[in-house]
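All remarks here apply to the structure that follows.
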């Protein structure tokens, strides 16, 4: 009797071959099973249908409704190589079947955390303006040039959201400050306290933080929860870093606070991307912009590949995955992609 | 018999009253003794002479040669509120007399370390250019915009100098990487290994570091030791942060490496300050400039005041100072101020 | 329409009321729902049947086969307040239904880790013998009395098993040593390396460890895997601490190694408990015994109560549990209780 | 002209050759200079006189009064390889001459800290009694046997003294608790707070600590400062570990508290050593004894040798010592050896 090697189906669009199937990654996956791949678009239905009854692991965001799951009798895992949960999977039914549904969100988090820390220091210390002033010949030296500079050391910091991003950021903040407050409605106070953090209601956190990191994912329930009124509660001259999803905040109000000079803000995500070229928001004062650069870099894709390979190996050996994030069916269903 | 309260003489120029004698600081010092102050210039000789036989603590960089030290029979400490050692003190003789000679270098170090980390992330992640691109409408989103970005996570890092600056920087780097090599000719390998660092000869460190932090103080012996040839050994596209003294490096060669696009550099200190307005160096590509802003900010002066007050209190109580740095006579003599 | 408050059923035998339902715990649970309890034995079938169709949370190890799970249409969680997985639950079917099945193993781990560290120091430093010698008047002072003493500092340490116990122990070992090797067949090398540990095959770990911590749970597959031959590979005079399950080791061979003076051993768990009074093993030389005292103490029950209350609150609010361990159906089925 | 290699004089009694001059250590020292040694007693005066005018480094506690220091024109360092300061050196004059006077106290501290932690766990968890009970066949299993057990996790801990011992102990305690209070009259509150510790007056610390570590050195001023009255303020059933000097405590009162069952105590040092064989104190209940075993073990001597070699190398190279403790003349004079 012949035992077939497990079938691994890779359908990772919009991830490209360069992102998820480098030479080393391909070699590692081929060492574990037969590999069928499709790049450049979502795999056509015929291809998906042709592998369903054999497939052991799906890598990508192939639509998997209940009917398909029923046919995929050998399926052990769906490894979404993005950081979000798409609505094209029946999460509850996959769990009922004991199929691991995993996302690569933890792999993107270190790069985003590094970005957040860098922008926090930029805002507080004025490093971007310092370079511009020097090039313009208008610099002032030492304390004279540091009139508006402040420091992350010993500052009260507030995190809104303590998922993958928050967990990656906190270790970077610890050497600076032990005043780290967190608002995350999905987590209990006792859990946060056990992490050495101070759980805090949103309306207490905002007015007491010198740095505010907006790290909450967008759900069907939290759109715009950082209203203009709430932004107005953040103390004068605080630094606000937005690095998860623009939908969580009243974006115009945030820009307005910067333009008025009441807040310093760093913004990496926008309600509409690309931002229209003529959008006046581009010239907002007291703001640092970046074009959704926080997470998507080669170092993150290398992490995705490493986590994916290691977890597929565990799963094919009948062991639990160790790195990627498991879908909580209820939360996955609530998360909304665009 | 009347016991006189100890005389504290404050002569801190170029430090100003706002820097070292805020209301709280004055109150604290007056609680420990009589206070005589002079601001705006070095104290005139007559004033110094008038307090010499009584003075218990000098705060500032009053010239104290052997003759003055001999007359200052009650002197217990000279608290230099700057970060360097001036040549106007007979360090050896002060030590022989058991007089503490202290500098505020440790108080400046956190701000400099924060600056170094911020610039390292700026160089590696391209955050300054990202803002400029966005404002110009030439941004590219996500991985397309991150073609040259790299990360501090798991990167090999080299520190040149492990004095106050290095000691403040290492805790900020630890969450990113455990590959931290140090070259410091004043420290033994066993000591550095005990700190969890890898001691490394300069000529091994330079070609193996993705980030190089130039943190060495200038001495009478190390001028320009980072020669053009040594800079050429740093790997292509590495990030170099200069935050201690411009004298330690072949400054022109460093700018040249940036201009050619071989290195990314951040520079906070210059051979001549202020830099001439028309200096072409100001427009160097692949460089981030700042005008000696790394350490001299209000947060640092607050630290100086706190350390100064606490150490003066210890010394007047006959106890050892806990915060400020003690002069090593041989090294203090070698250190050269400008 | 009346909304019924959720029904919480507590059937925790052999846990007692004093262990899991102190006054504060009861108040907390009653704040979340209606509470039905049974102590002193497993709840009788009639009682279980009477609550099945309403119960939202079961606290304890009530037998829950598929038929009962089918009837428990409102059931959201089974919170096993012990540290093991009993075979009286259909784990796969519970998962398919989306019912959380949780164990309190993480709550016992800190106490066990503290115990392990204490016994490791006792074995290495000879503290138990030191007290006996002093009381007998046969003590020798200082270095003369420390002829066989060694230290955990900088020692190579091997952990067999890196589940809850290992994860609680490692932070206690870190200040002593950075040479921590782990053998755990359920975990990937990449995961262990990410934790700062050295993954090592068993047959490499045993001969290179000065301290060996036996922390593996008993499964249907690993009985006696630490054979006499493997124990013989542990270096002369090493310290071995057994704190999880006696079944994983050739118990007689372990005692023999101690009796011969080849190993120092600490044993907290036994193949049969209570140990027969006349058992000669009790007088083994070079051994420290304790009567299954590592985990079961009031501090651990306080942790169980806190974790249980917080996780029940999360689950009733539709949020994921944060503290207790989730059953992996395949591993839970493999785990064997006695 | 011939340049003589520096002369290193080793006169370490009561340290023995085995402790301080192993083969490797000898090779290392001979690599740095000429070596003259005397073991088994303090070096006779003739020998000392014969090397005085050439000696560069003295390793040991050779009497060095002002007259001898005056003759030792090449002397750079006195490396006391014990942990205390003897009164046979003119500390102030040595400092005036710029001669480093160093002690090996930091080298002993890790072993003492390990001992303290082990005894704290023994006292709280009852590990010594557990072994005795098991051997006697009177053990009780699990929670039944843990009626009086408590844990270091989350316990309030008080340290009396934060010198070398306290600094080595704190990192071992951190994974257990963040409630660490310190009383040390030589250190400022701001310094202790900067170390993440809570400075506390003695009379506040004693009644609020579940574990009390007595780590203060004996000085001419602090004999018996832990009076019977102060010991009575420690809470019922707390654990007290005495590991520095018996002179700091009312020793009889401490034994009495243990005998009465009011405190649990671990004692490593005694007012008189060796303790008379018939001394009734040996049978004190609720006490763990050891015969001055906390620090003096081979691992500590290995550390002394490593620190000594590295610091001598630094000093002979004109660089500051990195490891050993520098004498503070005033404190060294106050410290009293027996």
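All chains are identified by letter, namely A, B, C and D, in their written order; residue positions are counted from 1 within each chain.
Everything below uses one rule, namely that contacts are C-beta pairs under 8 Å (C-beta built on N, C-alpha and C of every residue); 3 or more make two chains touch, one makes a residue touch a chain.
Bear in mind that the values here come from a model prediction, so they are computed numbers and not experimental data.
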Subject >> Given chain A and chain C, the chains that contact each of them >> reply: none
Original post:
Can you give the whole-Å distance between the Cα centres of chain A and chain D?
Top reply: 51
Subject >> Averaged-CA centre spacing for the pair chain D and chain C, given as whole angstrom >> reply: 37
**OP:** Would you pick out the residues of chain A that each touch at least 2 other chains?
**Re:** none
Original post:
Where do chains touch, given as pairs?
Top reply: A-B, A-C, B-D, C-D
Original post:
For chain C, which residues are in contact with chain D within the complex?
Top reply: 19, 110-111, 114-115, 117-119, 121-122, 125-128, 130-131, 133-135, 137, 139-143, 145-146, 149-153, 171-172, 174-176, 273-275, 277, 282-283, 288-293, 296-299, 301
Subject >> Residues on chain D engaged by chain B in the complex (per definition of touch) >> reply: 92, 95-98, 186-188, 190-191, 194, 306, 310, 313-314, 318-320, 322-323, 328-331
